[in-house]
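Following this line, the structures themselves.
Both complexes below contain chain A, partnered by chain B and then by chain C.
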Partner chain A sequence: MHSWKAGYMGELLLLWYRRKIAVFGIFSVVVPILLAASFHALQPILGFMAVSQSFPLTMLGIYTSVWIPLFIFMAAADLFPQEVASRTLKLALLRPNSRFQVYGAKTAALATGIAALLVLLGIVSLACNLFAGTLAGFAETAAIVKAYIASFVSMLALAAVFVFTAQFFKSSSGFMAFSIVLYAAAKIAPFLSSAVAAFSPASYTDWYKLWLSQTVSAGKLTTAFLFLASCSLLFFSLGYYKFVRKEV
Partner chain B sequence: MKKKWLVLGSAIGISSVVMVATGISAMAGTSGYDAYKSALKNTKTVSSVAIQAEAQLQDNGKVLVDASGSAKVNVSAKTASGSADVTADGTKQSLSFYKQAGGAVLKSSASDVFYVKTQNAKEKRSKPKDDASEQQMSQQAETVIDALVGNLKDYVAVNDQTDGSKEISVQLDNSQLPAVVNAIAPIAIKQATKEHKNENRNSGEQAGEFPFQENVIKSAVPQLTQDIKIEKVAVKANINASNYIDHQEADLTVSGKDDSGAAHQVTLHLQADLSGYNSTTPDTIDLTGKNVQQIKRDIGKHHGENG
Partner chain C sequence: MKPILETVQLTKMYRNDRGIRDFHVQLYPGDVYGLLGPNGAGKTTFLKLITGLIRPDKGTVALFGASIAEQFEQGMRHVGCMIESADFHDFLTARQYLQLVARYYPGIGNSRIEEALDVVGLAKAKSDKIKHYSTGMKQKLALAAAIMPEPKLAILDEPTNGLDIEGTVMFRKLIKRLSEQKGMSFIISSHMIHELEQLCNRVGIVVRGRLIKEGCVSELLQSNQSLEQYYIDQLRLAGEVSESA
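Moving on, here comes the complex of A and B:
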């Protein structure tokens, strides 16, 4: 247990000390503030969407479809192909812990990063609401928190897919390029065939909306949750299988 | 070592089975969205139908415009007949219309004149439709619409009744609408309510112009200029046992402020009842001996939006 925790902290610190991750975090905080300010400024001219109570959810929609996936690609590239390329993966494996611990720690660090981004975004966008004078009531805030938690689940599934994909790459830039193309393809595919949408975790990035509605049946939510959970587990396991057989 | 592979193998096995099973159940489409889609396609195939429709526009609970009408439509013969009442600002206007072999006939209750728009030869010669390519087109359009709707399709609730009919309902509030809609709708609404300001047509009856004052309706609508927001969209439909839509209603609530800063909550309610599938015959009118006037302007252009 101790070595697991040490490995996890080590991976987190490694992520934290990379400048681009820090820049990513800062951007995540600045973008909602800038958007809120510009909406507020444009409002008298355009009658544009006001910074309303649903602002945190509008932002969540943008973040889960583009911003957080980008973070996943970047962090996964740093955690796996980058370490292979710079031959530092050996160092992690030389420590007295199993490959599962190393793999688990890396994935957990990625999940922590996603959670941190979501928490940051939630706090900042709620703060924007506070300044715009449209603070949500308790029920709305509870709904927002629920939506953010649901988003975390879908982002985990997406992260698992890309952690698995990362095992095939030996250079981080190659992985980045491939992931972006793959993700874009996964987003476009439902327009060509509707069957794809049912099996692609990329089409679940906005599933948090289901949690906001009163009319969606519990069965639907359970099915979708099971899909995302099994998708996470499947790709996590497949990724581990690849990771274990990797020659370093 | 063996235990590890066993655990890994079963994790992969179980999770892939669950993933495929849930994916298939998501694809199988037991949702109200698919039920509605199939009923809509089926309803499109009817050759004739009778429609009872009503529309109401309210501002802060006060009725601004109330319109109701009934129509009999024969799709295959391209004939129709019906009547409509529009009440705006306390004034009621009624009209009846006939679309028959000779052209379209309009009559306002305010006068005895029948306004006739004869069909010109160009319109009559409609192109023969290429059924196969049209079907393919609509198939593609359907896939695109499905993809755009995405997870929102699970919002559509379906309620099966004992007599085989279904109740479909969907309700979206502001935070559930796609961001794009939320961004564009206020601009569109602002434009739509602003337009009539400059339009100061004199409403005197000109020769050949149908005596219907659509200005009354337009000026009744409050002009929203700021904080425009779609509050709620709700759609309900009933599908009968033979998979035809027999009732459809929609509600749209928009909130905003006008120039003076007064808050408005504008609600639009639409509803339509359909009946007499494939067994409706539109009424016709014999114009011999009636006071007939030819219409010079294209009428459909400026009262088509009143429903």
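Moving on, here comes the complex of A and C:
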């Protein structure tokens, strides 16, 4: 356990020390503020686009469909293909940690990064509400928190898919390009075939909306949750299957 | 005495027919084992196999009695390594990198990190980003990371590559000191045969993926002018060098 913790902390620190992650974090703070300021300024013209109480939820749609997936591609690229390309993967593999622990530490660091990003984006969005004077009440804020937590589950499933995909690449730029194309294709596919939507984790990025609806049954929520949990486990395991066979 | 490293029939062949075949090696506490051989003979493949970086086609590896395939964590607990080139996350400073390494080994504090940096001569550059380091400085940092946890066995692949003369002398003194004072064991793969002659008590010669000879350095030196002469003779017998060499 001590070695796994060391590996996990090491991976987290490596993500933290990377300049592009810091830049991504800064943008995560700046973009919602800029959008909120723009909406506020445009309110007299457009009216409906004001920074309303649901601003954190409106922004969550953008975060989960674009912003966080981009973070997942970038972080997964740094954690796996980049380490192969720069031959630094051996630095983790030569420590007293099993391959499972190394893989688990990297994946856990990515999951922590996603959680931290959601928390950061949630706080910034709520702060925008506060400054715009449209801060929601307790019940609405609780619903917002619930939506952000639900988003974490769908983002985790998406991360598992791309961690698995990352195992096939030896260059981070190749992986990034492929991931963006794959994700875009996965987003477009449901328009061509509705069957795809039910079985693609990319179709669940707005899953949090189900949690906000009063009319969705508990059974539907459970089914969707089980699907996302199964996806996470399946792709995590497939990724490990590839990772454990890596020769460096 | 139980061996700290034992390989049995260790075999790994690549598609280009390079690799190693049937390596039987036993290393005992206190051994400083030199691995000699021409480029591409299989030395690095052997070192990668015993540290689990690659998987064997056949055979077993046990480190401190633990199978590397089944009890990797236990086997590697007392092993420090520098394998192949010294590659790092170059956005880190040397100190940050050693702090990351230290997390894996209980009881390593800042004083040990500073000491390791000082021993390899990187104390002044400890706060510089690794991307600004020369090849020799990276090599020194890799050495510092390998010895910092004071492992019972250090596996060093071409440790003097890129080192200047002072660096090579520092390396030799360091290995001697750690071996004599701390009882640390070493496997060193190197082309610096004069260094190995001074440092090692045992050597193994690898030619075309086979461990063709193994012996005690002191015994070899009784019947040969130097380790270099013995090595060249063995290569000649194996048909690796011409008679005129």
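Throughout what follows, the second predicted complex is superposed on the first by the 247 of 248 C-alpha atoms of A that agree within 3 Å, B and C clash if a C-alpha of one lies under 4 Å from a C-alpha of the other, contacts with A are read in each partner's own complex, and residues count from 1 in each chain.
Convention: a contact is a pair of C-beta atoms (placed from the backbone, for glycine too) under 8 Å apart; a residue touches a chain by one contact, two chains touch by 3 or more.
Remember, it's a predicted structure, so these values are computed and weren't measured experimentally.
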Contacts of A:212 with chain B and chain C, given as first, second, both or neither: first
Which of chain B and chain C A:241 touches, first, second, both or neither: first
Which of chain B and chain C A:87 touches, first, second, both or neither: second
Which of chain B and chain C A:27 touches, first, second, both or neither: neither
Larger contact residue set on chain A - chain B or chain C: B
Contacts of A:192 with chain B and chain C, given as first, second, both or neither: first
Partner chain(s) touched by A:13 [first = chain B, second = chain C, both, neither]: second
Contacts of A:58 with chain B and chain C, given as first, second, both or neither: first
Residue numbers on chain A that touch chain B, as the complex places them: 43-44, 46-50, 52-54, 57-58, 61-62, 100, 143, 190-195, 197-199, 203-204, 206-207, 209-210, 212-217, 220, 223-224, 226-227, 229-231, 233-234, 237-238, 240-241
Complex contact set, residues of chain B against chain A: 4, 8, 11-12, 14-16, 18-20, 22-27, 31, 142-144, 146-147, 150-152, 154-157, 169-172, 174-176, 178-179, 182-183, 186-187, 190, 224-229, 256
In the complex with chain A, residue positions of chain C that touch it: 48, 51-55, 72-74, 76-77, 79, 81, 83-85, 87-92, 96, 100-101, 103-104, 106
Touching residues (chain side chain A, partner chain C) in the complex: 2-3, 5-7, 9-10, 13-14, 17-19, 86-88, 90-91, 93-99, 101, 245, 247-248
